[in-house]
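These are the structures in question, set out in turn.
You will see chain A twice below: alongside chain B first, and alongside chain C after that.
Coming up: the complex of A and B.
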């Protein structure tokens, strides 16, 4: 096969020009993961030219973009090697303050023993099983909206730990409920604000949240975090960014069980469905990845459906479409309509 | 057509050049680890050759990856896979960490026969001899005959594990180790489920018990894994073996809370990605207790790198006649195997592997766990066609033409 451009032409309009304050939701399932699409977003924002020849700093058309990637399921190593296939050198981009990686994988729940604070497991067994989710009253959230933009350099404990190059911050979840979410929000926001200090007028900061639904699944209402809290957490972060891209798992058991036909839905299912549907209503566009209904094929990896979200502004400038995509062994992607090739 | 070697066929009749092809990228410092033929990343064997071949062209489990094996029903085929995996680790001098089961588990590891290649070679030799006798275009006709006189045909097949065959093979097995296996360190070995593994480094396995604790029962496990891996020599390769995760006979009820088990798996994933070149893990999981349609299981799957589901067929005495063997020369499959996610391939977006989406059947026999394409048998009522073909003696013209 001829080598593909890193950004398939059909995909380009959807991943490259993200309007201000927009949310793009990328939904994935077990057999059709979203990492390749996230990489396309990275490429669209970070490569200086579409052909990815590493050009000089002068951009032909307008604004420079910076990206903060928060990943809860993949390590920096993964993103670095995969981005390299597209001609993006994340290490170098990090040095130039165009890219920052926030690690939500390595120390989210269990910090390594060197720093071992016994905060690791937040009293799970002791938490009483309640049938109703333990939500804090909405009033508790008030403190977050007016939170000023720049807590650059959060007090003490997180700043000195920057042993690994390339990773701007490692997220920690400690304690329970809103307090811990707030702490993490502060961490991510501080990275974003730090990026902003290197930005010029007109530059855009794009936030990519990779599977924040993991947070919801691994905590849940019994730890004081539900769909509402998560949605607010995301809103809080959105305020710091020009545009936000968010990936989410939308496997059938996570979405449809909650409709409550027949079987009893567990909190993990109801909360996940609530979060996913809520976000879809807020999003400007929803990019849905799924496998072929007709079974696997040798030259098709899956189906990409791009549809308008509930949050699309009135001018309706988004063309809905459905296309097939194919990921080659070398990481290149082709996106094509049904029947084309 | 690229020069890269495609996946070795999973069919039992692997031809010999394919075998020698896989053997050649041996020059690797660590035994038991070889670069993937697909992209060169280090891989290690699962101890089951046909499972290795299923893993998206890497011909092994890539390092740093977690394979999650689900099983329906009350059988323990997944347990056999897990034992092969552990035994392979023992043979390769890797450090095995077994979670949640007592040390007896380690004593039930299957005994070593030799390298998987030598076993395959022998088999294909015999198979070839069989094949040579008849020109290939008449082969089909031969099979027709075999269907008719089924008992005969079956025992003629070297693969069939009739009891006589076992008795014939058994005395020679212990010393049977192929001399070739000594020269180049083998990547994958063959094991015998009826024997017990004896190997100097079997004492090197560590068993991490589930201790009752006030907090998450996994916290202590994770801490032990972390210290063991962090404090070990940088060249030591580790295997994490977790049999029957969340099985209520071993795990306390609160461990199946999503926050408890998912946090553990997330942290395990973090641990493995921190030491991505030295750790692999395999987990088995009882689907009858936790159905795939539940959100919890789906999240566990999402946190795994590879997800494989085993669906054993309900046992029936006349299995040969009814379930899935294409001809009586093949052993009847014991169940279906589905691949929901494969390591690395799906992380990148998935889809383009030839093995994805195919129906697989598995057969567990004494000496091997075999995975091969599943094919439906001829319709059950359709005996007339076979009878006429066999009884008529003279095959129809269409059978000879091609």
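Coming up: the complex of A and C.
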């Protein structure tokens, strides 16, 4: 579309060449969301035409990339529309087995009954937002816990899943503690393994986890899930993928309340901070999004800071930098240094 | 710091860190490394591995957060979904396999992050931190004596969950109590910035999470990479000797790109020896500034100074004189460079 390329040149090296077994952490706050950056990761991996002008680093044309996107806060419709604005047709890419979407939003806490599934699924698909607040009080969850064994739920639900085009799998949370995470891990891993069957030698599978902190926030220590369990869950998924991109909220209350001397931090504050900081210690790179310190501006949407994480395994030669970004009305993004335009 | 003189510290403390990092004489069986996002322990762990490989020490990495086996690590133990007892068993098993072929009988066990273990919500009633760590260090059988060094990394900035029992001590204080050496890591550029502020009596700046700025996890930005000046990590070491005496010292570990992996000589220096941290004093401030600039040579050479000191001034001579009239003579020893002027003598 527009005057600027879909992938800003400044950003290209950071989103297009992800080394093996690396974790990229994208942190966002309420005023500076990470959707646009996730879309840039998608574009860098999936866009068919080699970005010739500036993409000197994606020269090995042979390595095709495949993406599995697991989204906990946004629906497939959202990603499809937004990707279209970048020139990516997710429906077509799904058919070509280059892209798979795992829905962690619409039925995460909806216990599917085998009989009710056909009638309920269209309604859910069209209005995913109505299901999100269905965060039941603990009493109700306990009541539901003995209901379906987690692994049996999804297979019984195969038919309606196929009915909804584009969504490879819907995640369900049932039970508590590690067992429930294990079931979800199995679901995501099965999608990834399925993608791998369509891969050739040398292809790379990239896993994007969009805001898995929702899972921690909605369950928490009372259900046997804490930062360690979440981190282990992510490690398990990482083992199936070539590289992993993960977005996480780092709003001040979620990070800083637990570090103060007040000792009044709530479990979610402690666990979220432990998860976010722990992941930053593991990550190869941390891309932090925040708003301008000086307030809102007409031509700047926020600040992107790219730093090296503390990861041990990979040789880390990432160049750290800080830049400003601006999201235009048409969805195009420009990234530029301070003082440039 | 100044009282304990620098050269004494230079010899003793450099020897100490060299011994600790190279795992000689099992100077420290349990080393606790406290790191933060601003200065991760990665470079230090790599340095440990590098030195261990040079002296053929068997390296085991217990991975709580590392996904893939890093290079030069002999054994890699993943911990996902394992109880502490299983981890301990596996760690001893990997060494049993090579124990016969490994002549050095020294081994290094690294734990890349102890936090997940301490945070775990899993009911692990048998978990007891001291005995878990002790199980690595204690010899498995009295005959096979193995010198084991354990290096445990603890991320300081990860918040701790509330204690299960209000009377129990926190895991961190337990760790600091158990450890024979405690290494706290700082970023060199931050140390420099804080020192510069302190020198001007300003409040030292804070970085990263401590800034408490929304959306900032890491403050580190290597603006200084280009100059290469302030790279490296600062090691704050607290070592407890067997006698009970503690040693406190600050060191500087240069970045790995500055030396080859095979480098044998000690690369760690005292922080006080760093030119950037302790810039050399200007020699005799003021002495040089007093001299006015001119085209004449106003100074004296050594010989001139000696000669001048040798001159006996007339009033000294007069005091030792033998009476009036004797004083006031012109006392002059002719030097060899003097040109005797006869006319002048006649006067």
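FYI, the second predicted complex is superposed on the first by the 270 of 341 C-alpha atoms of A that agree within 3 Å, B and C clash if a C-alpha of one lies under 4 Å from a C-alpha of the other, contacts with A are read in each partner's own complex, and residues count from 1 in each chain.
Here, contacts are C-beta pairs under 8 Å (C-beta built on N, C-alpha and C of every residue); 3 or more make two chains touch, one makes a residue touch a chain.
This is a predicted model, so every value here is computed, not measured.
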**OP:** Sticking to the clash and touch definitions up top, decide whether chain B and chain C on chain A clash or fit.
**Re:** fit
**OP:** Examine A:32 and indicate which partner it touches, taking first as chain B and second as chain C; both and neither are also allowed.
**Re:** both
**OP:** Once the structures are superposed on A, label A:167 by its partner contacts, choosing first (chain B), second (chain C), both or neither.
**Re:** neither
Original post:
Is A:228 contacted by the first partner chain B, the second partner chain C, both or neither?
Top reply: second
**OP:** Check whether A:331 is in contact with chain B, with chain C, with both or with neither, and answer first, second, both or neither.
**Re:** first
Original post:
After superposition on the shared chain, which partner residues are touched by A:280: those of chain B (first), chain C (second), both, or neither?
Top reply: second
**OP:** Tell me which partner A:251 touches in the superposition: chain B (first), chain C (second), both or neither.
**Re:** both
**OP:** Figure out whether A:199 sits in contact with chain B (first) or chain C (second), or with both, or with neither.
**Re:** neither
Original post:
Measuring by CA atoms in the overlay, how small does the chain B-chain C distance get, in Å?
Top reply: 11
**OP:** State which residues of chain A lie in both footprints, the one left by chain B and the one left by chain C.
**Re:** 32, 251-252, 267, 291
**OP:** Mind listing the chain C positions that touch chain A in their complex?
**Re:** 35, 37, 40-42, 45-46, 65-70, 80-81, 112-113, 115-117, 119-122, 155, 157-162, 209, 212-218, 220-222, 225
**OP:** Going by the contact rule at the top, pick out the chain A residues touching chain B in the complex.
**Re:** 30-33, 35-37, 73-75, 77-78, 82, 105-110, 112-113, 120-121, 123-126, 214, 217-220, 222-223, 249, 251-254, 257, 263, 266-269, 272, 291, 295-302, 325-329, 331, 333
**OP:** Please name which positions on chain A make contact with chain C in the complex.
**Re:** 20-21, 23, 27-29, 32, 177-178, 221, 224-229, 231-232, 235-236, 238-239, 250-252, 255-256, 258-259, 265, 267, 270-271, 273-274, 276-278, 280-282, 286, 288-291, 293, 303, 305, 307-313, 316, 319-322
Original post:
Within the complex, which stretch of chain B touches chain A?
Top reply: 38-39, 57, 213-216, 219, 222-223, 226-227, 230, 254, 257-260, 262-263, 266-267, 269-270, 273-274, 276, 292-299, 301-303, 307, 340-341, 346-352, 354, 356-358
